[in-house]
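This structure is in structure tokens; I'll ask about it shortly.
Should a chain be cited, it is by its letter among A, B, C, D and E, assigned in written order, with residues numbered from 1 in that chain.
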Amino acid sequence: MSDNAGTSKKSSMDIASVIGLTLAVFAILGGQALEGGNVGSILQPTAALIVLGGTFGACLLQFPLSVTIASFKSIMKAFLEPKTNNGAVIQEIIRLANKARKEGVISLESDAQQITDPFLKKALTMAMDGVEPKVLRETMELEISNLEEESEEPIKFWQAAGGYSPTIGILGAVLGLIHVMENLSDPSKLGSGIAVAFVATVYGVGLANLVYLPISGKLKIKSRSHLIAKEIMLVGVISILEGENPRLIDDKLRSYLSRKEQEEQTESNTAKQRKAA
Amino acid sequence: MSDNAGTSKKSSMDIASVIGLTLAVFAILGGQALEGGNVGSILQPTAALIVLGGTFGACLLQFPLSVTIASFKSIMKAFLEPKTNNGAVIQEIIRLANKARKEGVISLESDAQQITDPFLKKALTMAMDGVEPKVLRETMELEISNLEEESEEPIKFWQAAGGYSPTIGILGAVLGLIHVMENLSDPSKLGSGIAVAFVATVYGVGLANLVYLPISGKLKIKSRSHLIAKEIMLVGVISILEGENPRLIDDKLRSYLSRKEQEEQTESNTAKQRKAA
Amino acid sequence: MSDNAGTSKKSSMDIASVIGLTLAVFAILGGQALEGGNVGSILQPTAALIVLGGTFGACLLQFPLSVTIASFKSIMKAFLEPKTNNGAVIQEIIRLANKARKEGVISLESDAQQITDPFLKKALTMAMDGVEPKVLRETMELEISNLEEESEEPIKFWQAAGGYSPTIGILGAVLGLIHVMENLSDPSKLGSGIAVAFVATVYGVGLANLVYLPISGKLKIKSRSHLIAKEIMLVGVISILEGENPRLIDDKLRSYLSRKEQEEQTESNTAKQRKAA
Amino acid sequence: MSDNAGTSKKSSMDIASVIGLTLAVFAILGGQALEGGNVGSILQPTAALIVLGGTFGACLLQFPLSVTIASFKSIMKAFLEPKTNNGAVIQEIIRLANKARKEGVISLESDAQQITDPFLKKALTMAMDGVEPKVLRETMELEISNLEEESEEPIKFWQAAGGYSPTIGILGAVLGLIHVMENLSDPSKLGSGIAVAFVATVYGVGLANLVYLPISGKLKIKSRSHLIAKEIMLVGVISILEGENPRLIDDKLRSYLSRKEQEEQTESNTAKQRKAA
Amino acid sequence: MSDNAGTSKKSSMDIASVIGLTLAVFAILGGQALEGGNVGSILQPTAALIVLGGTFGACLLQFPLSVTIASFKSIMKAFLEPKTNNGAVIQEIIRLANKARKEGVISLESDAQQITDPFLKKALTMAMDGVEPKVLRETMELEISNLEEESEEPIKFWQAAGGYSPTIGILGAVLGLIHVMENLSDPSKLGSGIAVAFVATVYGVGLANLVYLPISGKLKIKSRSHLIAKEIMLVGVISILEGENPRLIDDKLRSYLSRKEQEEQTESNTAKQRKAA
């Protein structure tokens, strides 16, 4: 446990995200099939071109290229589960605190080398370098606020996509209706023409509500949990530096966990103590 | 009274919630019947599949599984009445304050064991353990902010559901209309086809406005009252620890009650005093 | 003047509210009549049932019963004019300040009994009881924040009603259209069927924009003026307690008045002084 | 310059406002004419009655009569240009500061009489009366916050009108459509009936977006510039009272100007110095 | 490097903006062409007159003329890339700090003359003039807040345009439909009439979502990066004035960079040191 500081990104799936998207797509397509509609009739490459091209064109105009790329990468984060195990982060901090108590703060130098989380590593290395707690706190807080700002960019990107998509879907529908209206001479094609036009609305509204906006929301929740982990690391390292009692540090850090995490944490501790005994 | 600290969750119904939902459903169905419409004609399993599947698919993609489960459980809270009787909470605090005055703070140790509210129990136990008021306050305030964050999750969940539902209802209607438009050859079925398509809108708009959003609002109001109870407990325990006069504690805590609760409280006290006399 | 502290609720009408509602209703009905439409044709009990039942069902589900009742009572407040005459409040405070200067603070004991405003009475009684200014301020500020919270409840209620009403109007229209679409066999009734369906939209949009939302806005403005009166009373009583010069108190309290109120106040004072002379 | 303190309200037109409204109206009517439509066909007194009556009925119900009157008067402000020349305000303050330096603060007594701006006059008079800077600041800051609140009222009024107008336009259209639907027996009149109904939408949407909302925005911008002038006057008078160096006062006050105003100010000063030389 | 302080505005294109707008326009026109629609049929000067005239009429009514002109100029900023290279700004500050260390602060006088960035020049000149750090900070912070306010004006302008444009597009469509409805006598022209009417919606919705709103967003992101550069300059100059160690200044200023910029900065420094070696 000591080498990953509880932030090992187990690349297991985020079950809720996978079930959610599957459920939504099946409900729409299943409903379409049950009504006797041909699923193929809602596959219109032209509508897809207009809606996707318009939406991501607008997003590229609004956001820098780097943010756009980061936002597409962040989709993975919403589906894979880089779950920040904040309980494990605390256990690692406590282990370091106990060692510092027994063998002196300077004994953590070797641990600092082995830590994989860059934030914890930087904080601990600064502490080893004799940086004052006040300066350490200021520097690492700026680091946290940088991380926060960075993690907000994809959230804003997908929110913007969720805002542009339905209106561009309507734009596509109106363009389709204009085409239909200009060719009223052949009434037999009127219905299917309108049908084609409406598909753009389906794409625009569907992508916004079933993909872009929920992904933005999930990224927000994950980013928050990630930032709390950094907060725990910062408070923990400073407490170690100030020579606080490991038990008190444990009490203090645990209050950052949600009630559910606290219970898991307690169980895990009890299990550990049993093993130790 | 002493054993439940006024937070006994009487599982009586929340009358307003029950009347509200009943009234809304009857108004819609009754209106439908009065217009001579067949109530059965707005029962379309396909539309329900699209709207419910799409909405909860989007919600699952947005929220972790644990929040989704907690949100469904919270529906019960909106209909049953775990009314936090903040007046009774104060009476219990005052009882403890009086005992502490006469028999010493340490005499509350036995009371702490019998209290069922976990928050009050923890605060009192910490006080018995000799934790300093400042530390006790910090720890319990973090506890309150944890409770607050947790209780906001279902509120946000149902708000999100209330946001997705109408747009997915419109998505279902557009899908239905596409189906109708593709089969214009048989005009006799045009009307009923459109009717079926519109049912998805009814589901989406109705569920959002008559169920999801009002439930989110009711949970918000109940959560606020619940958090005030915790606030009262915290201020109360600290006041006891600092040996304040029970009468002054009573005055201070009562200012957390709404005017209506204050009146009930006064009446109840008067009744009690009469009994005592 | 001394016995009502300027808060006598003259139950004269709020002219703007009455004119406003009358103008709106006449414009709609007059327009309908001018177009040659039958006013009777927009009186549809079924549509009213759906829109009113749905809206207040949703509101009852969202708000506690007590808030619902208080909100209906508050409609009166929007139309009758319990105008808080903040100028008169100041005059009363100055009268008390002058008396306290000449005959000592304790001489206000008899005045405290006769004051009808419960807030001013409580503040003055506390002052007579020798409560310290700091404690008095804290207690009365909690009182003000309680009053504020209470007065916000009907504002939120009517805002929520203004949010639900148009969507439920649309729900009613869609239900009506479903009914029409299912009975296309008799085209002669098509038009009137659609007409009936649209009435639900008229009710939903009309009630929200011509009644619920404006009432919510008016209550907000009145509540603000009411809370300023309490603020004036609190600052006034504390200034008296601290033995400030009545002229300085007058200057300080007048800055809470709007420019228009200040002018009226000055005129009234001049008139008074002339009488006195 | 000394007698108007730079706030002389030159009643020249606000060119942007005049061009803006003219452009908007010409674009709409010109477009209508170019399409071959009769401009007369969008002049429907009934639609105007419904939309204007409904909108201002709702506004009267929401706002007190005095605010309604003030809001109509404020339209003038949006079109005429009472441009607060903040540069001139600073020059006047500096002139007073120089005089106070040479002839003593008391020498400003005669200037105070001649100043037309009521705010500057009151501040200077208080300073002459020997009021302490701290009290002067508090009093004048309350004055500024009163002015701010007052100037926000018409902004909110036109924003509310811009919110009600489109929905009431839709209400008018639905009422018109109901009328049309009830008289389907004469299909030849169907088209023109629908046309008449749609005019209400044109009025509602057009007035909101081309008049009410832009006026609200312009008033907001003008109010901000007006309040900055008062801020400059207050800081200036206090600096004079405290005997600061006129050059330092100039530097300090100029930082309240936008970059463009600063440049104009510098040019104007240079011109003045040339004249003086 | 010393003469431009890292703010040289390389007028290379902002690739994302160019790709974004191109993609959006091609998606819409390409989609239109693929559907077999004539691209010419969505070129309607009348619709353009109504939508553009109405939108910019409303904007002129809302904003002063100077803001309108500045907003049109700012479009260039969204497409050209005046990228504020904050890393280079820091390098320049560090160069000045090193010189000040070796040759005394006064030696920077000649550098101040050569700096092109007006903000850094003013700050350094004030420092040379012996202005106290506290006064320097206050003055330059007011300058930054002036710059911020100024850069927000075009952002608000394009946001307002993005708000007016779709509603005025709908206004144009309704006007077109009124025209069509009045001429139902010739059904053969019905379709193309409706088509023409719909083009106004395409313009209104398309310009708002593909041009106005994304440009507003891009300007916001660029303005933020520009203001951070000024912040870095201010903190840097004050640190130099207070004689801080250049290495510490470097550490402090780098925390204003995003993680990506920090990496580039480190690489660039390493490269430099190699050169120097």
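Rule of thumb we're sticking to: contacts are C-beta pairs under 8 Å (C-beta built on N, C-alpha and C of every residue); 3 or more make two chains touch, one makes a residue touch a chain.
The model shown is predicted, which means the values in this text are computed figures rather than measured ones.
Engineer: Just send me the rotation angle from a CA overlay of chain B on chain C, rounded to the nearest 5 degrees.
Structural biologist: The C-alpha superposition of chain B onto chain C needs 70 degrees.
Engineer: Hey, how far is the Cα centre of chain D from the one of chain E, in Å?
Structural biologist: About 28 Å, centre to centre.
Engineer: Whole-Å distance, chain A centre to chain C centre, using C-alpha means?
Structural biologist: Computed from C-alpha means, the inter-chain centre distance equals 45 Å.
Engineer: Quick check: what residues of chain E touch more than one other chain, meaning two or more?
Structural biologist: Chain E, residues with two or more chain partners: not present.
Engineer: Answer with line, ring, star, complete or other to describe the graph linking chains that touch.
Structural biologist: ring
Engineer: Per the contact definition, I'd like the list of chain B residues that touch chain C in the complex.
Structural biologist: Within the complex, chain B contacts chain C at residues 14-17, 19-28, 30-32, 34-38, 41-42, 78, 166, 190-192, 194-195, 198-199, 201-202, 205-206, 208-211, 213-215, 217-218, 221, 251, 255-256, 258-260.
Engineer: Which residues of chain E touch chain D in the complex?
Structural biologist: 45-47, 49-50, 52-54, 56-66, 68, 139, 142-143, 146-147, 149-150, 160, 164, 167-168, 170-172, 174-184, 196
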